[in-house]
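Per-chain numbering from 1; labels A, B, C, D, E and F assigned in written order.
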């Protein structure tokens, strides 16, 4: 099966991190392709950035669909353009924020999210509520580190670890969701240090898209997720 | 005050209808400008169309903001690009779907929405839930008439009237919200015929943006609705 | 159009403050009448006070309706007697609490309310929940200053400013709603000082009632808001 | 213990029915007093009626409190003036709507409500939501029989039985709540005929007030339900 | 009437405390039987313990039903096996957690729960949400004292009192629910000391089961709470 | 990895069906073991059956944990004993109901559930609500075919197909979840016939447990899902 993991921003560096993370866990039958979108924004930090990114995401999904891609992962924790991408794909499309929240709900009674910037909190909260997964979430926190900084500087790990401890204690949470693709690399060390599941949505989304494809399950094309109509005014 | 009413699709015909509706009700001190977006999609019927439209909407809002526009109305019932547009404006930005739902909540104990296409229902429901205004909404219905058809053919009025009657009765609703800018023109005749408030979000949004501007109230720029950052990878 | 702004308590001083606030923002075509209810309670601080006030409010609304008043504002943040007043009016009736919460939802991702007395918090929370607008509200706070004290002593401004700062920070809110008509006068200075929208429901309600009247929209008389029946046992 | 069951409307006939119902089930140590309020409305059919009734209810509760009444039942399914009455009482105050909904939640997985007039539905729904008991309620129905008619004409029983059957089947409900004090008398025959619990809130409320009084539990006077303050402008 | 109060754990000591509490408040016509389940777990501290306890609870309920018991109380704040027990009984079955939450909702605008172990919090929260009674609950706290310790050591009272004070203040709650049958004995002294209702679900559940039985109300046997079918593979 | 798929009832026939379904989709590195519980109930049709089944489930999970099983699936759509099983396992434990609902939320805007018996509906609804996944679910239906009948008689397929068509249309749903392990075998033919995703929770749960295990993610043992304590009265 061909799976496409799309980083909806313009960062080739981020795409490389995602590629490493994906290849570590992909299935033996999976041909994994990791893309970034050079014409998109440098990073997604807010709703306007999200609109830009979604605009560039859709043609990439359309091209993937035409080239026989079986399933897609949108690798931004905001789940940028998720519903729109589903209209263009016949296979499953999962966002990493979505996947992480679902996984946290299966592994703990209560989880918290730690994302990068405070201004993204409301977007994550809105998605969480649409999925119904706010029921199990204690709170969404921000480390207040810009997305691109996260990618570059390994020193941020210590801050995330300290925050993670504080969050689990204050929120009475039992699982931590990393709320930014750029934090993926630290999921396992954080988990070992904190003694609680630390979820990287990138890896969960990849395995779950593989799962759904292997079961012959894809996006419903019954009505709402059909391809957009061609219209002439 | 300068108010901009933006039709986020490419239909000049729709923009004309909106302009007529706006001029009928605008305040004496309001300089009203009605735009459509020629590079956008012909009509918005789904999430992918919405991404396209939002992409073209944002520069229009940015230009308006630079030109001193005091407030904006997004004239698509899906409230396309609403949060993103708020990042670019200092004045208020209101979507016509949002405005109509708020108004319905002040005028009735229970309301129903009648939109154009069934595939848009989930988008409207998701917005309504984000606003909390699903509490007072019985149900969202679709007339199953494409948006561009609505604009062109006055014969659709009879169908809307018949549907409106059925909906108010079956849903036990006491107010009908027209869920598509293209239905604006029929709000008043429908209201007279049905004997219950029929809300056109275009006119409500315009008056409410004027109101907020006149009170010196605008979009909060404290954090989440700040302009996007300039970033360099 | 004739608009009536009713202070449902007995304070002529409060009515004067409301009259000043109203005249500053009313539309050129609006004939504004501001009333207080001398037979009502001195101030509304709890549900029993609310019952008293509502009892005196209804005849005032009925008289206004008979005299051709086009729209009403109930100027108590508890939205005292709101549903009952709607039964007596054909035009719109909006409560200042309701209006403020709706406005805050259009201008920010998250807002907080600052009211006068702690004992009123549960009433406001109950209304907010009925409107669905609790979705966007972080928390309701009380300054712990009796309503009549607020009216009299300008020194309370400093306390409100300090509380406002604390609230926006601790709640991660981006808009502050003033939860008592007696705080109206300070909305603009607080907004300038805090750098975030500060909403006075009195002015928003007035403009929105004017708006709805100008659009020919009024309270639905289909069923639930019909005038009470005359009954003989 | 002295328990007061207050019919908040002016119907002496209704008070007699309530008195019969109460005496059938009251505890041996209970001194039961049933009142109606001659100055109140003839029947409560809407929010404006509710304001009238609440206004006359409060002095009755105050007199009862002064006379050492240990607990109160408000015998209108709308739970008229409930929060206000709690401010005046030190013992428990329960509304019959409230009691019936709580009981239904303990006896079934899903229940429906059958009230008298359609225009009361929104009031009941709003209360139910405030209590959180809408979770277990399938739907609120109205028999469309005016309250005073119910009292007078025993022929209405057949209609209620037919409606009850229909409701249990269509709603998939397993318990029926009678949504009007005037239906009390038919609770047991309906239960026998329908083969499912049929709840009369009057009797449940009475037994539960007795229960709470016997346990030394009363309305919290910590803050929100304190007696209203005396205020002088 | 015969009422059975079942302690679903193996503690005879707990059963004695429950028996004392029950006899203090039971009605004159009530024949009260208090059981513990020697084959069950020593105490219920988590979901696996709950499964064990429920397994042993059901035959006890079945035996009681066969012996003509009119109503049952499950005396574990987790409401262990509640829905299952209802399938085996024709009379009412109430859990002490359930009863306490319902009572708190009738006596205060906001309540908090204080249970024994932190690990039980999620179980209580889940129940509360199923009942809809989370609406009125500020927060669930744990004293972090094992259930069996509570039974044995009266010194824990001081800790509960200190916690109770803190909770009412920080949560802005006006009623405290004791979240463990082992705390029953301290309900009245805590209430006197805190000046707010302190609810022991054991006593409330007992009185309410007596109430429902006296009104001829029992568990609905229409469908979901029918006895399990006999099946042969 | 060793994965255990446990049928919590006594049906060896059901276990065989599950085994076939599992082997069709399991990963190459997965050693799959499918169990039934001979001492359990013949089938789970209600809460009392669920208590029985959970009681027998837990030792099976404990034995699996001791034998190094990496992850568990509970193959009853009621998710019998889910939280309890999690206390005994270090790896992930997923219920098939849970898995199916999560998958449906990722593939459609709205889904419906078709289970076997009407009496199970409330159990599924309660779980769905606890997961927050009721947000996306239109309705839960029952085919009214006993679980064991489903296993035996292939003729039931036609009935399920007809019901599926009706459900998708009436509910406006775009995905169907099969609400009983006994329906697993028909997922693919139903999907082909209905033209919408038809989800069998057995296969989804298996792939997702494999996924989580492969990512080193397991049940949080921080607090609430810890193994039960050993206690001595």
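Quick note on the criterion: a contact is a pair of C-beta atoms (placed from the backbone, for glycine too) under 8 Å apart; a residue touches a chain by one contact, two chains touch by 3 or more.
For clarity, every value in this text was computed on a predicted model and none was experimentally measured.
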item	value
Shared interface partners, meaning chains that touch subunit D and subunit E	C, F
Most widely separated chain from subunit B, with each centre as the mean of CA atoms	E
Copies subunit E and subunit F touch via same or different residues, half shared test	same
Distance between chain centroids, defined by C-alpha means - subunit B, subunit F (Å)	43
Between subunit C and subunit B, distance of the C-alpha-averaged centres to the nearest whole Å	26
Interchain centroid distance [CA atoms averaged], subunit C/subunit D, Å	30
In subunit C, residues with contacts to at least two other chains	83, 109-110, 118, 121-122, 129-130, 135, 223-224
Pairs of chains, among all present, that meet the touch criterion	A-B, A-C, A-E, A-F, B-C, B-D, B-F, C-D, C-E, D-E, D-F, E-F
Residue numbers on subunit C that touch subunit D, as the complex places them	10-13, 41-43, 45-52, 54-55, 57-58, 81, 83-88, 118-119, 121-123, 126, 129-130, 146, 148, 223-224, 226-229, 231-233
Complex contact set, residues of subunit E against subunit D	25, 27-28, 83, 92, 94, 98, 102-103, 105-110, 130-136, 168, 174-175, 188, 191, 195-197, 199-200, 203-204, 207-208, 210-212, 214-225
Residue numbers on subunit B that touch subunit F, as the complex places them	118, 121-122, 129
Subunit B to subunit D touching residues, read off their complex	109-110, 135, 172
